[in-house]
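Have a look at the structure below before the remarks.
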Amino acid sequence: MTRGFFIGRFQPFHNGHYAMVERIAEDVDELVLGIGSAGDSHSTNDPFTAGERIMMITKALTDLDLVTYAVPIEDLDRNSVWVSHVQSMSPTFDVAYSNNPLVFRLFEEAGVEVRQSPMFNRAVFEGTEVRARMIEGENWKELVPDAVAEVIDEIDGIERIQHVSDTDANDG
Amino acid sequence: MTRGFFIGRFQPFHNGHYAMVERIAEDVDELVLGIGSAGDSHSTNDPFTAGERIMMITKALTDLDLVTYAVPIEDLDRNSVWVSHVQSMSPTFDVAYSNNPLVFRLFEEAGVEVRQSPMFNRAVFEGTEVRARMIEGENWKELVPDAVAEVIDEIDGIERIQHVSDTDANDG
Amino acid sequence: MTRGFFIGRFQPFHNGHYAMVERIAEDVDELVLGIGSAGDSHSTNDPFTAGERIMMITKALTDLDLVTYAVPIEDLDRNSVWVSHVQSMSPTFDVAYSNNPLVFRLFEEAGVEVRQSPMFNRAVFEGTEVRARMIEGENWKELVPDAVAEVIDEIDGIERIQHVSDTDANDG
Amino acid sequence: MTRGFFIGRFQPFHNGHYAMVERIAEDVDELVLGIGSAGDSHSTNDPFTAGERIMMITKALTDLDLVTYAVPIEDLDRNSVWVSHVQSMSPTFDVAYSNNPLVFRLFEEAGVEVRQSPMFNRAVFEGTEVRARMIEGENWKELVPDAVAEVIDEIDGIERIQHVSDTDANDG
Amino acid sequence: MTRGFFIGRFQPFHNGHYAMVERIAEDVDELVLGIGSAGDSHSTNDPFTAGERIMMITKALTDLDLVTYAVPIEDLDRNSVWVSHVQSMSPTFDVAYSNNPLVFRLFEEAGVEVRQSPMFNRAVFEGTEVRARMIEGENWKELVPDAVAEVIDEIDGIERIQHVSDTDANDG
Amino acid sequence: MTRGFFIGRFQPFHNGHYAMVERIAEDVDELVLGIGSAGDSHSTNDPFTAGERIMMITKALTDLDLVTYAVPIEDLDRNSVWVSHVQSMSPTFDVAYSNNPLVFRLFEEAGVEVRQSPMFNRAVFEGTEVRARMIEGENWKELVPDAVAEVIDEIDGIERIQHVSDTDANDG
């Protein structure tokens, strides 16, 4: 039995993430999706809570033939202990997947096998694009699984991101 | 669709917890198991990491006809914001289950429906008993689901709790 | 103009505190009441939130001929920086009042003038006594100013402390 | 009796804030001024400590016919629990006032009544302007109540902001 | 070249610690002394600051033919990341020394070589004994190196521990 | 006996720092080097851990005729308590050295003697330059003491900074 670990902020979980999971599913029997920056929400870059992201991921992956775990990972703001933190919060895993150079390096220094793939870069672009379309009122639904669009509608997610994206950081 | 929330430390997940889940399953379609004190581990009262407890819960409930989520909840050490913290980390829920008077009160003051039942008291007794038997080398396996015993064996859990229970808090 | 500083947890603000304020009022023109452990609430020893304690203090002292400030002080859990923390949160003060030996020592090491008085010991006894009576349903109102009793009634404070005092720390 | 809540960083408390308080005073009997980012000080954007800001607010509002509370609110860096945090630190309030879209949204999601007004936008501009004039040695006193100017003179506030505004974040 | 790591609270550094260092010096070329609970001070169990303990250790070991480093380690309150935290704060080391079962277990689970010796138990007893004598005004100097006694005299350490040991945790 | 305190991030310890230490050595008998942002590592601006920086400093200064202490100082993110924090972590010192205006101001407000010198500005420039050369694969060794270059080679420091400098902050 092989278990993989794939970390992301999943703000929101989109088609790029879905494609990555399908690709990883070829390698592993079980997959942990670590929800990064779990404590962040209600901001332009991090609109959704960890609980909302658990729902998106769980519902989007329900038909996939793969055992998955969606695990919130709160920030510790200490790169040197980050791998230990992740390992304590997650079911044990054999291999990590990431194209983020910092994450890649941290796992590597800790002696954890970590794999990357050019297709992973798509996710960064798509996360930014989805949030931009949400704010501008353009067609974002085509970029996410149907189940995710339903969750976002249910929680009035578009109204929220449009509202908070209007915030001036300096309250005077 | 009704979703419930049941918080515990699950150190480890034992038969008392299992019976509670079965009881709650009569009321709800989905159940979130909030893993409290998620950051604590390697101590007599909190031997197992959040990741290990996720595995115990997931494997123990796999045959149950109930959609379940196992969600680690790190301590915030602020009773006044605890309900908001839980709500941000968990999929939304309609009703919380607890016999812990503090937890009951906090949900109640926050306007969240919360239910208790005399049978819930069994869990407190059983958690203490399981850990005592583990430390003493007595028969603890009869108090937990088989799947939980397997997880604990796999991670050398008995050796760990016996080792750390020997710690003198004062290192001189 | 002389300004004093008097720290306490004020759980709740009682007649012993009131007598101390009257005594200090002979020395100073203005008095800051630092509300210690401001983040703690909903427990047997710390039943009330900082906001609730601000209301108790403000209403209890309204008729006193003394300018007062009620300032919440969150715990930093670092004795060595505690005085700096207090000084940054409070209007500047000339003299601190305390019979707590740790608080006395910390101010003294920091070069802040600090005064004590035998009558201050009464406060410790009375805080414990008031909370015990609240939990047991005995006559606690005679130990606190009328204005404080009104605040506690308004927030259902007795029900809260009775509820949480029933909590078993170990949730099993 | 109606109590309002108005949050700001008040770095420093200026005429724009004063005008807002006068406007809110038409609606409410009591007003809590929540001093945001209470732990920040000694920087270009946040020059003054919470204690110094309490003094500014208290002295500036002393002649106003309104019961006011100045309450420091330390940052929690968790949008999802921010409203609970504020509610625990403040006397209870019936309505919040803010033009900050994030603050507005957070109160709204928590079911708290919140009001905005076009005139509130003036405050953001004025805070930035006051600090810029302080740093440049221009006439900042005309932008703040006299009592605030006195507090700032007393604490050598101009020297401080000029000094720290010179800091290079990178110490090499 | 072999470097060892020896963790303790060193409240204060006493003859038992000194004997341990001498014993370890037979194995290694360099030794890191990790000063645990570095942020704690001014309490009965933890009277001295990290800086004071650095001075004690440095002066007590100055004549020893061993390269030593005294490194403060602040508490993280997370057993699962503790080893990573220590490793990031300390020069790299080949072997750790401890008789504390928790510390031993944590290093062992992390794959770090760790050694124990019956003589290490002496340290726990001696730390408690030294502090008790300090509080009671008995002969504590015979239990610590001369250089440590000088540091403690210089900082008025006995007055401090006697003062704070008198503190009632409950301030009423 | 005079002891000085010199704070820096020392990412890495370079020739500019070395020249400053030589300059300060004319004034003092002992010098504490406070390693700022001790918890930060594995980023472009803060590539090295506190432990790695302790090794750089200790090895680079070994031939200097000056007693030195290398003390990690974790960030507290509270300017108002920063001096107390530093004082608790460091052996006592008589004079602080810094050209950072914020640090200068904080020591000054706390009544600590602090000295600056035009030559100190060189350090900021050099830290940035060293890291830029490391990332670009240019000659960085000429900017640091030989002992520092050896430590960096030993820990594969160049590979690390090149790797993490490639990180896109937004993981999509």
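Think of it as A, B, C, D, E and F in the order they're written, each chain with its own count starting at 1.
Quick note on the criterion: a contact is a pair of C-beta atoms (placed from the backbone, for glycine too) under 8 Å apart; a residue touches a chain by one contact, two chains touch by 3 or more.
Only a predicted model underlies this, so the values are computations on that prediction, with no experimental measurement involved.
Common neighbours of chain A and chain B (chains touching each): D, E. For the pair chain B and chain E, chains touching both partners: A, C.
Chain F has its Cα centroid 36 Å from the Cα centroid of chain A. For the pair chain A and chain E, the distance between C-alpha centroids works out to 42 Å. Centre-to-centre spacing of chain C and chain D amounts to 26 Å, using the average Cα coordinate of each chain.
For chain E, the set of residues that touch two or more other chains comprises 39, 41, 49, 78, 80, 87-88. With chains as nodes and touching pairs as edges, the resulting graph is of another kind, matching none of line, ring, star or complete.
A complete list of chain pairs in contact reads A-B, A-D, A-E, A-F, B-C, B-D, B-E, C-D, C-E, C-F, D-F, E-F. Contacts from chain B toward chain E in the complex involve residues 39-43, 49, 160, 163-164, 166-168, 170-172. Those residues of chain F that touch chain C in the complex are listed here as 76, 78, 80-81, 83-85, 87-88.
Interface residues of chain B facing chain C in the complex, by the touch rule stated above, are 7-9, 16-17, 36, 45, 77-80, 100-106, 109, 123-128. The touching residues of chain D, counted against chain C in their complex, run 38-39, 41, 49-52, 54-55, 58, 69-72, 74, 87-92, 155.
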